[in-house]
Each structure stands twice: as structure tokens, then as C-alpha cells.
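Letters A, B, C, D and E mark the chains in the order given here, with residues in each chain numbered from 1 onward.
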Amino acid sequence: MEFVKPSVDYFELWPLLLVFGVACLGVVVEAFAPRAVRYITQVVLALAGLVGALVGVVLVAQDVTTYDDGAARGILAVGGTIAVDGPSLFIWGLVLALAIGGVLLFAERHLDGGMSAFAGQASAVPGTDAETAAVAANREHTEVYPLMMFAVFGMMLFPAANDLLTMFVGLEVLSLPLYLLSGLARRRRLLSQEAALKYFLLGAFSSGFFLYGAALLYGYAGSMDFARINEAVRNDVGSSSLLLIGTGLLSVGLLFKVGAVPFQAWTPDVYQGAPTPVTAFMAAGTKVAAFGAIMRLFYVALGADRWSWQPMMWIIAILSMFVGAALAITQNDIKRLLAYSSVAHTGFILTGVLGLQASDQLAPGEITSVQAVLFYLTTYGFATIGAFAVVSLVRDAGGETTAIERWAGLGKESPVVAAVFAFFLLAMAGIPLTSGFVGKLAVFSVALAAGAWPVVVAAVLASIVAAFLYIKVIKVMYFDEPVGDGPKVAYPSVLTATTIAVGAAVTLVLGVVPGPVLDLAAVAGEFIR
Amino acid sequence: MELYTPILVLAALATGFAVFSVVISAFTGPKRYNRAKLDSYECGIEPTPQPVGGGRFPVKYFITAMLFIVFDIEIIFLYPWAVHFEAMRLFGLVEMVLFIVTVFIAYAYVWRRGGLDWD
Amino acid sequence: MRILAADLPDPGLAAFGQDPWWVVLLKAVLIFVVLVLLTLFNIWFERRVVARMQHRVGPNVHGPFGLLQSLADGVKLALKEDIIPKAADKVVFILAPVIAVVPAFVTWSVIPLGPEVNFFGHRTPLQLTDMPVAVLFMLAIASIGIYGIVLGGWSSGSTYSLLGGLRSSAQMISYEVAMGLALVAVFLYAGSMSTSEIVAAQDRLWFGLILAPSFVIYVISMVGETNRAPFDLPEAEGELVGGFHTEYSSLKFALFFLAEYINLATVSAIATTLFLGGWAAPWGIENVWEGANSGYWPLLWFFGKVFIFIFLFVWLRGSLPRMRYDQFMALGWKILIPVSLAWTVAVATIRVISLEADNGINRTYLVAGIAVLLVLTVGLMFVPERTDDQADAAEAGEEDHDAFAGGFPVPPMPAGGAVRGAAAPLSFSNTPGGRTTVTATAESKENHE
Amino acid sequence: MTQYVVLSAILFTIGCVGVLTRRNALVVFMCVELMLNACNLAFVAFARQHGNLDGQITAFFVMVVAAAEVVIGLAIIMTIFRTRRSASVDDASLLKY
Amino acid sequence: MILTILILLPLVGALVTAFAPAAVSRLVGIGFAGATLLAGIVAAVQYEADAGMQLTETHVWIESLGVHYALGVDGLGILMVLLTVVLVPIVLLAGWRESDAEGNGGAKAFFAWTLALETMSLAVFTATDVLLFYVVFEATLIPAYFLIGGFGRSGRGRAATKFLIYQLAGGLVMLASVIGLYVVSADNGTPSFLLSDLAAIDIDPITQRWLFAGFFIAFAIKAPMFPVHTWLADTTEKATPGTSVLLVCVLDKIGTFGMLRFCLGLLPDASQWATPFVVVLALISIIYGALVAIGQDDVLRLIGLTSLSHFGFIVLGIFVFSPTGGTGAILYMVNHGIATALMFLVAGFLIQRTGTASIREMGGVEKSAPVLAGFFLVGGLAACGLPGLSPFVSEMMVIIAAFDHHWLVGSVAVLAIVLAAFYALWMYQRTMTGPGIAPVQDLDRREVGIIAPLALALVLFGFFPMPLLDVINPVVHDTLAGVGIAQETQEAGRQ
């Protein structure tokens, strides 16, 4: 058997490899460092790794040159399995930035009496003396940092994968640590464990679909490689039923990850049950990575087959927006509410994904769908992580108070927190002068330009419903009389404070001067086809 | 598939023998009913009823099983690599060393956390 | 993904899959018969040898030298009542012995017993069949055998059987890892997984010599794999009465017995094939007599080597005490596996150096990789185990709590681990340790009931 | 080859139905594994059909992933089980919408 | 540049007020409002009539979306700016005390939000880039929301939410049209949101109609028209009079302002096409508003509903496409601003004194508080268009134009005057005359000082509307020119 040695291109990959290395190093630290120094070591290690990787992304981004056919910039690494191109790099940077915020939230210890938000001893049964002992011993799982780094690695691999196998591996590497993390809450452990269980079962289920879809596509095209699949689709080899079913199953797996209707069932439970820092990181990061993957798969591999998957996407987008917004209104738990709103946002982003147009149909300087979606992801990511960070501040004796009615009077209790949260909500509602508005504008524009006007109309109507939802919360915070002694706001350490501040700042800046980021997304440009 | 049919022949032979002896023992042996004899053996004391599903096991067995899976998977990758090693040479070696080291990190973690201790 | 092209059919296996049906049938029957007889002989052999070692006589009544003893035992078993306890899960209970015994036979289908011979006027190798993944196949089948034991133990509905089954499964999988890793080195050198080609690859030098560590690891783990003394913990009569087959009687029990002894022969045969040159005559012999490796003679060499191993088994049983379970597991997980991993890498390195000798390789690149691994290994070897986790145990003993949450028959160590290893001198200093041991045992017992 | 694909499809469907209908978390989980293995079968079958090894390699990776899922999944299920002595997904009902 | 200063001044004021110590915050706020007033006057002085769009400034804002930070005012814009900068200080003064009343958000917040609102409104009136307009158009809602929700009578929270939902809904519908414009401009070369660029494109009629629908719905909600007016009554009832002034007299003008700027300016054909429909709606609003107003018992609610009728007039004036009508409409916007502001403020003082807003529980105020009653009467008469007060002029012009358009339309409009007279005078009669409640204390010097200018303005423009008309006519001429061309083409098409 002849063997062709693949080129690994370590330089372009080193952000990826660095994150993975740091994750492994974290495990080594867990194994050998004494318990006393683990916390600080892990936090420093994780932050250093992420920042280093971020720098790496910038360097690589400056370094990459045009790919041979000239349409896109970047390279195909590791024998064509990983595409380091503009969108990949943009998403890497975004994920890393969000992950830094995540680490800061993970490391927060001031909110809950000097303890992090994670269980002292996950294996100890809740309510047993084993658990109380673990709490008394001031235990905490510092494994969360390596786990998170693995998840980040997956989030970076997922959108950069250039064949179905790598994409599947990325999907799993991103999911598995999150399953565990969402089960590690210190408070309300039963809820948390259930969340983990549901997330895991449904997640594994959906990844099964993804895999079978991949198998069928492989059967159709005879290769896992996106470019090959694209060729096959263009030349229309093989039976189109394989292609159709395969595409459907693949999209089931992917749409589950972004929590699109009808695959959103896990979202509220997991968002509510998981420890809030995890929720923040997961909500922001997973969506970014998964949408990167969705765009790559559907644009690069199945772009030629647009007309068969777009109708499905239309329906799913519309459903997601309406169901998400409508169900969100009925919620009385802030985390569930945000979860459903994230479902609605999935619908909006899908609207942008639908804006796919051949480059010759675009006017010079007109915004492309990739650009729009990337921008929306940026705005959404920061707003979400900020919002959940704020949620982790509002507490009472039993931990966080997530019941919305208990938030009444927050405007008087702590005007700053209330204002920041209201700001995030307005951003999600897409009020002008917040980043959310520009994001909506961008995705709607591309969708309309691509002729998906029914979706845009539906999106507009849905965002009216959604707006009502966010305003409802703002009204509670400002104009309702507090029940009982009203909510208390725990004073955060600099870590959470930084995260919230950065989130708010980004949300504001992107709302007022979105130009630079939009241009960056434009420079990120096209996928390597 | 020619290569595999002989195996089936042998397997059929063995199965036939096994089934035969299981069946035949029902007829050759005597049948003398005795309640105590049908109880599960508990050193003579009154046997304790088994909890449904065999009850709960020490978590150690679980951990062992998981470790086994991990290493079995590693072996899955080692075998083809070993067989085609001559083709890959240095590249293969380096990649495999990286792979082994990665697995080894997890192994070290388990070891240090007492996952391998049976006391 | 475009690295690999389609694989070509393995030229080395041209000889196989050509036999007419009657040859196949005949071969199969022969193997079957040979195995049954071999078992009968092995039982007798073991009893005689152990008896010698213990200055007894052993079975000597039935037939010459009591050769028919095992046969008699078999018949006796067949005439015993076939009991199915009422707590048992009937179907599985009956199925278990079958599942245990069939794989034991099937494994032999890929063992090369000799070269191509004239088989009733038809040229065919002395081997039922072979395939590119023969060794993998053997391992797979062997691990199916484990199901028989686990299911047998589980379906008996008796605590002893249950724990016996659990233990045996745990120890089998533990040692299967070490075994599997030990084989990697062989494939590295043979460049194939088909048994016949591995044998062919050893025509110059036996792997048992150049790959001594692999050989040693394999031998140790094969003993563990077969639940034989000193690793016969699943049947530790002191703790578990009969282990997984406590509730079995009559021919069902006989089948388990049969399976165990066939596995004995199987692992020996595998060892012979992979490490001792299979059916090839020991060196020197073909120099003085070139016919040694042709015709049916190789059968002699092959079974000779197999019997060496079987004697080794018996010898071990006769001379070594049973290990404690935790020591046993520690041996498997903490010594065999790391060592075999390190050894594998070392072998691969040597291979590369020898292969790339002509074009000078970049050694620093290479050494770096090895260094990382060795540092990790050595570091692991010499760090005292669980230093900080003992501290944890002191402050909140929930990890141990998990450890025997369901009750675990082996007495737990006192926190200090003072009496680890059998030979700790008994003194007043560790009597509290001893006392805790006792109490812990009691509580664990009642936990698990 | 098609019959292998059909078989894999059947297995996949069985697993899928199992996930949707069964209530015991462990059984659900096994059904998921069944789905993954059905995928493996399909991959290998297609690999043989197309005469390249991609599918077989994929099968390896799928095994790895399946193993990882087993490890994590069993850990999670066991934690729940230890907590409430029941592995039924219906009992996991604290989270209601 | 002056316009940017004009916009930034109140913004800075809002921030400073928000962070200033409570003691001086009100002074700071009023100071900035005054400064803004000055800036507005300066701008007005620099503005010369009959020179089209001027004081313009243009910078690229979001390049990839073709969005610019582009400002400029024509006659209409400058008038609205003036109206705003004049009304805001008055509102602040009027809210000097009551915004501190218990249950309210406090004067500091009131002043800060009001100034923020002023910034946004000024930006709306001066924006010449569609997206910039949209952005600030939506942004006005936030301060308005907090003004309504934070100050006024109980139940204001719901009112605020209702208000915001209505407005957001309209806004988002409009967003669709805005994006539509973007796509259209992208299809015709490079995408741009500049009014000037967009006016250059001639959009095919069908697209125009869709876009028109989006814009018109938004503006109809903003300037309450018949089907989508229901937020108005609740809001004006619950909010403080000051807030109501800002809403009705400034914010709602954005609606009619937008109709002139965008519907007529950018989509002439569609506007032509929609005329019958819009005119009917306008008439319904006129009559319906008047009728409902008559039935009201709450003073503020009543006043709010009267302006529904007035906005009907304005829209009618705009959509009859005649110079008289257009001029009348724009003039009406100014006058209505002044008159209604007067009404609201006086009513506010009245409610402060009587402690109730229910007409049924008032009466005979004129005996104890003649000055208050006098101002109230002026306002009422202005509302029903008494000759000599400025609304009369505009109302007449609109009605004449209506008759030119179609005799039926005109006569319906006339009918409204009668109704107006009825509700205005009947309200006055029920509250001021007749058997008195406990005597109330008359307006003090501060309050007189606050509302006197408005009354004066009413009288002044009643007799000398010329200065306003000079500013207005060119705008109307330009706008109608745009539409008129369309008319001719249509006729050409018919022959």
C-alpha cells in the first residue's frame, strides 16, 4: 500500500494545537499539582492558553494568503481535513474571546461565599454526608477548566472541519465536555444532573443522525471531503435520494446543536439546569461554532444543491423564530426565557444563512450572507455571555434567583445591574444603537437580497413578538413592586465584572460603530471551496 | 468470504456439541426434588433474595470497564499502525507517540486520582 | 482522507480459501476431536504433575497411569442431576456454558499447526483458515468467551456467582489490554496480522527472543486471561466458593471446565505461534535434518511447544499462592500496561532507526517524542501513589466511600496503607489498622447483601 | 452492497425508535449506540462499494467517539441513578417547561 | 456642524444631569435645554427660506451597509426643530415639582430622559439618511418608554409597555421597508441609504407599494391614525402632562413628518396609488377622534383623543396633493403642537389642584381660578379652530384643499369642526363653569410664565402666519413637484 505523507501545516494550526495542548496540560496539572494550587494554576493556564491562541489567530490571519483559485484566503491543513480560511479564523477569534469570558466566569468565587459555581464532589450523592463533607472541605472540581478547554478545542475544530469525519469529531469533542459541565452545578444539583442527562441523551441521539447522514453522503459522493462532495453534486452522480436524505439527517444533527425548532427541546432544560457560567459559555460558544459549521457544510459542500435544502431551512427558520419567541413569553424563569429567546435568535441567524447568493449576483460592496451571519454571531455571543453573567449576580439565600417575578424592583435595588441587563435585553430585541439592531439589519438584508422575503416578513413579525418578551422583563425590573424583600445583588469580583463590562461595551460599540467588525467579517470573506 | 466459511463450520460443530451436552444432561441425570437444593448456595444460611437487576456494584468495576474501553480503543489504532508501520516510518512514529502521550496523560490522571486502586 | 488507496488482497493468504468442502469439514472435525482429547489429557496431566510436586501420586487407577481418569469424571458429571436454581434466570443460565465453550473451540480455526501438506491427496496447509486480521479475530472471539462467564455468574442469582463473574470479567478485560499491547510489537516486526505470515516472519529468529519483554508480558497476561493460578480469583474458593460456576452442576459445569482447559491450550498455542515460531522446528534441528519443517513433523514441534506452556501453567499452580485482588489489579494496570506501552514505542523507534538507517534521520525530532513519553512514564513510576488523595481521604473520605458503596468483599486497606503487601510485620503500631480492616470488612459485607 | 446498507438502515431505525419509545435511560443509551453502529455498518459497506478506505477509517473514529460517549454517558446516568435509585427518564422531571 | 451641536447638546445634558448631584440636576438640565434652544435659534437664523436642504453634513457611518451620518434641514425640518427646542424647556419647567412627587422616578431621571428624548427627536427631524432616521426613530422609544413608565399615574407601567409594543411593531414593519430600500439601491449599483441617492432611483410601482405599506403603517402608528391609535389614549391618560406634551406635540409629528419625507418624497407613485385609502382613514380619524373625545370623562384622555382628530386633518392635508393642503398640513403640525401643549399643561395644573382628572368631579373652577380658566379656554378655542387663533388658518387651508380634492371629503372635514367646537366648549363648560367644587388656587407666576408664551404664539401666528408660510411653501412645492411629475407621467400613461 502506498502512503502519501500528509502535510500538517503546524503554523496555521497552532492556535488549535495550543488550546488542545493547554487542555492536556490542565489534565496533567489535575493529576500532579497539589489541591491547594490547582485552582490558580488552572485559571492562569487556561487564560494564558486562550490569550496565546487569540494572538496566534491574529498572526495567522495576517499571514494567510490567497488560496489557489483566488476566491478565498487560507490553506487546507492536515491533508485537506481542516480549512484555515477567513471564516474559520474569524470564528476562532470569536470563540476564543468568548471562552476567555467563560473562564473568567468559571473562576468567579465571590458570589457564593468563596466557592465557585461548581459542585464540590460531583460523585457524591446530593444530600449525603459525603457531599456535606466535600462542601465542608471547600472542595471544587478544577477539572472544569481542562474540560472547558477541550470544548473550546472542539468549537474551533467544528467550523474549520473540511470533511464530514473531522466535522463529526469536532462536534463530539465540543459536545462531550459540555454534557459533563452542565451536570456540575453546586446549587440545585438534581436539576443540574437532569439537565446533563437530557442534554447527553438528546445530544447523542442527534449526533447519531448526523453520522448516518454523513454515511449516506459518503455513499452518494464516495468521499467525505467537502470539495469532492461538491463536485459530485455538480456532476449529479449517484442517486439523489441518498443525497437528499443524507442532507436531511446531517442538518438534523447540526440544527440540534444550534437549538432550532423542532430540535430545541433540550435548550430550556439545559440552560436552566446547568451552572450559569457554563450556560453563558455554552450558549455563546456552541451557537457560534455550530453556525460556522452549518455555513461551511451547506455553502461549500451542498451549495450547488441549494434549491433542495433551502425550502426546509425556510420553514425551520420561521418555526424557530415564532416558537422560540412565543414560548419564551410564557416562561417565568429568566434562564429558560433566555434559552427560548436563543431559539428565536437561531431562527434569525438561519435567516441570514438563507441569504446565500452566488458572488456574481452581488453588487460591489453589498453585504454577503457569511459576513452578516458572522457579525450577528459576534453580537449575539457577547450579549448572551453578558446577560448570563448578570443573571449569576442576582441571588438570594438559595443561590441565584431565576424566577422573573423575584426580579421586580431590581431597578431600585441596583440600578447599574438592572440597566446593564436591560441594555442586553434591548440588544437582543434589536433596538437601534445596540449591536443587536445592526445584526438583525444585516441578516434581514442578505435574506431579502436573496429573495427570501417571506422569511424576512416572518422574521419581522417574530421580532415584534420577541420585543414584547424582553420589554416584559424590563417592565418587571423597573415598574413592578418587589415581592417580599426584593432581589439581592451579590457583589462580583473583578472577573465577572470584567466579563459583563466587556460584553456591554462590545454590544454598545457594535451598535454605534459596527463598521470595523463588519469590514473584518467582509475581509474574512469566503470559504475555501 | 471464502476465508470465513471454515470458521462457521467449526463453530457449528462446537455449538452442536455444547447444545447436545446441555440437553443430554437433562435426561442422563436423576431428578430428586428438594427445596433446599434449588436455593442459591449461601454457605448453608438462609439465602438472601437478590435485588432486581443484580443490585448495585462497587463503582470500581465501572471505572475498570471505562479504562478498558479507553485502552481497547487505543489498541484499535495501534494495530493497523503497527501492521503498516514500514510505510509510514518516522511520520508514523511521531504521530503515534503524540497519540500515546495523549492517552497516557489521561492514564496518569486516573492513576493519581486512585482510579487504579482496589482498596 | 485521501491518504489511503484501496487495499490489495494479501498475497500471503493465497493458499487459503481454496479447500473443497470435505477437506474443510475434515479439518474442523479433527481440530474438534484433538481439542477434546487434549483437554482430557491436560486435566490428567495437571493432576499428576501437581501431585508430584506435592509428593502425592495422583490419579492412577483408571487405565494406564490413570489416563482415563478425566474421562471417568466426565461420565460421572453427565450422570449427576442437572440443577437449575429457582433464583436463576433460566434461559441465560442454560445459554451461558454454551457461550463460554464455543469461542474456545473457534479460536483454533486460525492457529497454524503446520505447513502445506498432502492431505488425502490434496495440498493444503495444516490450518483450518487464515485471514489478514487473524490475531484480531482471536482476541475478539476470546473476549466473547468472557460473556459466557459473566452471564453465568449473573444468571445464577447467587451472590457468590455474581461477584465471581464480575471479578473474572474485570480481570479478563484488565489483562486483555496488556495482552493486546504486547502483541503490537509482534505486528511491528511481522508487518501482518495473519497468523501464518507471522509464523513465516519468524523463520530466522523467534520473536520471543528479540521481543522478550512482549513475550514476558504476554505470558503473564495469558495466565490472568485464563483465570489460572496464581490469578484464579474468580474461583477463589476461600472467598467465593466456586465463583461464577458455584450454581452449576452436571454437564453445564463440565462445559465451563472444558472451556477453561481449551482456553489454556489456546493461549499456549497463540504464544507458540506469535513468539516461539509456531510449527517451525527449533533452530539447529533443520540444519542436522532438513526434513524437519516439512510434512506432518511440524505438528510435533508445535504441540511440543504448547505443552511447554501447559507445563508452565501447572507449575505455577503447583508453586504459587493466589494473589490478593488489589495486588493483582495493580500488577495489570500499573506495571504491565505502562511497560508494554513504553516497550511498544521503544520497538517502533528501533524499527525506524533501522529502516531509515540508509537516509540519515533527524534524531532530535525523534528523541523529543520518546523523551516526553519516558519522562511521563518514569515520573509516574516513581511518584508515591495518591499522596494528596490520602490527605483527601483524611479530610473527607468520600472517594473510598464510593469505592465500597455497594460492598466489596476484599478487605479495604487502612487509610495509611500500612499493611499493603502481604509481608508487613505484625506489630502493635498497626493493630488499629488491623482493627479497622476487620470492621470495614464486616460493614462492607452487610452493605452488599 | 445494497443489502448491507438496507440492514444498517433497519438497525438505525430500530435504534431510533428505541430512543423515542423506551423509558429507561440505559436502554435509550444502548439504542443510541445501536444507531452509531448502524452508521459504522453503512460506512464500511459504502467504503467497499466505492473501493476506498475512507469509510473504514471513519468506522474507527466512530468507535472512538462511541466509546467516549459510553464513558461520559454512563457516568452521567450513574450519577442520576445513585441519586434517585431509578434510571427512568420519566423520573427526571424536575425540569418542566 | 450646527446641527450636530444641536443634537449633541441635549445628549451631553442628559448624561451630566444623570450624574450630577440631585440638588443641582434640575438646574443643569434646564440649563442644557436653554442652550439647546439657543442653538436651535442660531440654526434657524442661519437657515434661509427657499434654499432646499441646507446646513447639511455627511459622513460615512457603516460603509458595508452604505449608511451615512447625514444631517440637513429643509423648511419642514427647521420648523419641527424649533418646535422641539421650544417645547422641551417648557415641559421641564412644568415638570419641575411634580416629577419629584412620591411614586415618581425623581426629577433627575425625568430631566435626563427628557433631554435624551430631545436629542433623539432633533436627530429624527434632521436626519437625511434613511437608516440614520430609522435608528433614531426607534431610539426615541427608549426615553419615551421610561418617561411614561416612570412618571405619572398608577397603571402607567402597562401603558408604557403598550406604547412601546405598538411603536416597536410599527418600527419593525418599517425596518422591512428600509431593508427593501437597501436591496433596491443595491440592485441599482452600489447600496446606499442617502435620501438624495434613493430619490434618484425610480423604483418599479409594485415594489414601491410594498415599501410604502411598510413606511405608512409605521407612521400611521406614530402619528396615531384611526385603526392603530389605541395606545394614544392610555398613554396620555397615565403619563404626566409634560410627557404627553413631548409625545403628542413632538414625537407624533415624526409620523406626519415621515409621511412627507419618505412616503411622498421617495415613493410618489405608491403615495398616489394609496391616496383614496389614506384619505378615508384620515376622515375616519377626524370624525372618530372628535366623537370619542366628546364621550371622555378624563381630561387628559380627552385631549389626547382630540389630537387624533387633528392628526387626521394633517394627514388629509398631506394626501390631497395640493399646495394649499400641504402648506396647511405643515402649518397645522406647528399649531397643533403649540395648542395641544397648552391644553395639556393647563390640564396638568388643573389636575394638580383638584387632585382628580375626572371631568365629572370638577366644575366652577373659573370662579376661583380665572386665569387658569382663561388659558384653558384659549386652548380649547384653538382646538376647535376659532378664527384669530393660529389653528384656524391651517384648518381652513386643509379644508379648502379637501374641497378641491372632492366635495364629499371637504364636507366631512367641515363636520369635524362642529364636533370640535362641541367637545372643546362642552368640556370647558363642565369643568370651569357651573356649581363649583372646593375653590382652587389660581396659577402662580411660574406657571403663567410657562404657558403664556404658548398662548401668545397661538394668537401671533393666528394673525401673522406669513413667516411660517414663507418657510413652508418651498418645501411643499418641492415635495409636490416630485409627486406632480409622477402625476403627469400617469396621465401620459392614460392617453
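Methods note: a contact is a pair of C-beta atoms (placed from the backbone, for glycine too) under 8 Å apart; a residue touches a chain by one contact, two chains touch by 3 or more.
These numbers were taken from a predicted model, which means no experiment stands behind them.
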{"item": "Number of steps on the shortest touching-chain route linking subunit D and subunit E", "value": "2"}
{"item": "Most distant chain from subunit E by Cα centroid", "value": "C"}
{"item": "Most central chain, judged by mean C-alpha position against the global CA mean", "value": "A"}
{"item": "A-B or A-D, whichever has more C-beta pairs in contact", "value": "A-D"}
{"item": "Label of the chain whose CA centroid is most distant from the centroid of subunit A", "value": "C"}
{"item": "Whole-Å gap separating subunit A and subunit D, where each centre is the average of the chain's CA atoms", "value": "25"}
{"item": "Whole-Å gap separating subunit C and subunit D, where each centre is the average of the chain's CA atoms", "value": "31"}
{"item": "Where subunit B and subunit C are represented by their mean Cα positions, the distance between them in whole Å", "value": "12"}
{"item": "Mean-CA-position distance for subunit E and subunit C (Å)", "value": "91"}
{"item": "Two or more partner chains touched - positions in subunit E", "value": "none"}
{"item": "Contacts with two or more other chains, residues of subunit C listed in rising order", "value": "1, 4-5, 7, 383, 399, 402, 405"}
{"item": "Residue list for subunit B, restricted to those that touch at least two other chains", "value": "59, 72, 84, 105, 108, 111-113"}
{"item": "Subunit A - residues contacting subunit E, complex", "value": "363-367, 371, 426, 429-433, 437-438, 440-442, 444-445, 448-449, 456-457, 460-461, 463-464, 467-468, 471-472, 475, 478-480, 513-515, 518-519, 522"}
{"item": "List of subunit E residues in touch with subunit A within their complex", "value": "60-66, 131, 134-139, 141-142, 145-146, 149-150, 156-157, 160-161, 164-165, 168-169, 172-173, 175-176, 179-180, 182-183, 186-187, 189-191"}
{"item": "Complex contacts: residues of subunit B adjacent to subunit C", "value": "2-7, 9-11, 13-15, 17-19, 21-22, 24-26, 28-32, 37-43, 47-50, 54-61, 64-65, 67-68, 71-72, 75, 78-79, 82-86, 89-90, 92-94, 96-98, 100-101, 104-105, 107-108, 111-114, 116-119"}
{"item": "Of subunit C, residues touching subunit B in the complex", "value": "13, 16-19, 24-25, 27-29, 31-32, 78-88, 94, 97-98, 101-102, 104-106, 108-110, 128-131, 136, 154, 156-162, 166, 170, 173-174, 176-177, 180-181, 183-185, 187-188, 191-193, 241, 246-247, 250-252, 254-255, 325-326, 329-330, 333-334, 337-338, 341, 344-345, 348-349, 351-352, 355-356, 361-362, 365-366, 369-370, 372-373, 376-377, 380, 383, 385-386, 389, 399, 402-408, 410, 412-413, 417, 420, 448-449"}
{"item": "Residue ranges of subunit D in contact with subunit A within the complex", "value": "5, 8, 12, 15-16, 19, 25, 28-29, 32, 35-36, 38-39, 42-43, 45-47, 49-50, 52, 54-55, 57-58, 61-62, 65, 68-69, 72-73, 75-77, 79-80, 82-84, 89, 92-95, 97"}
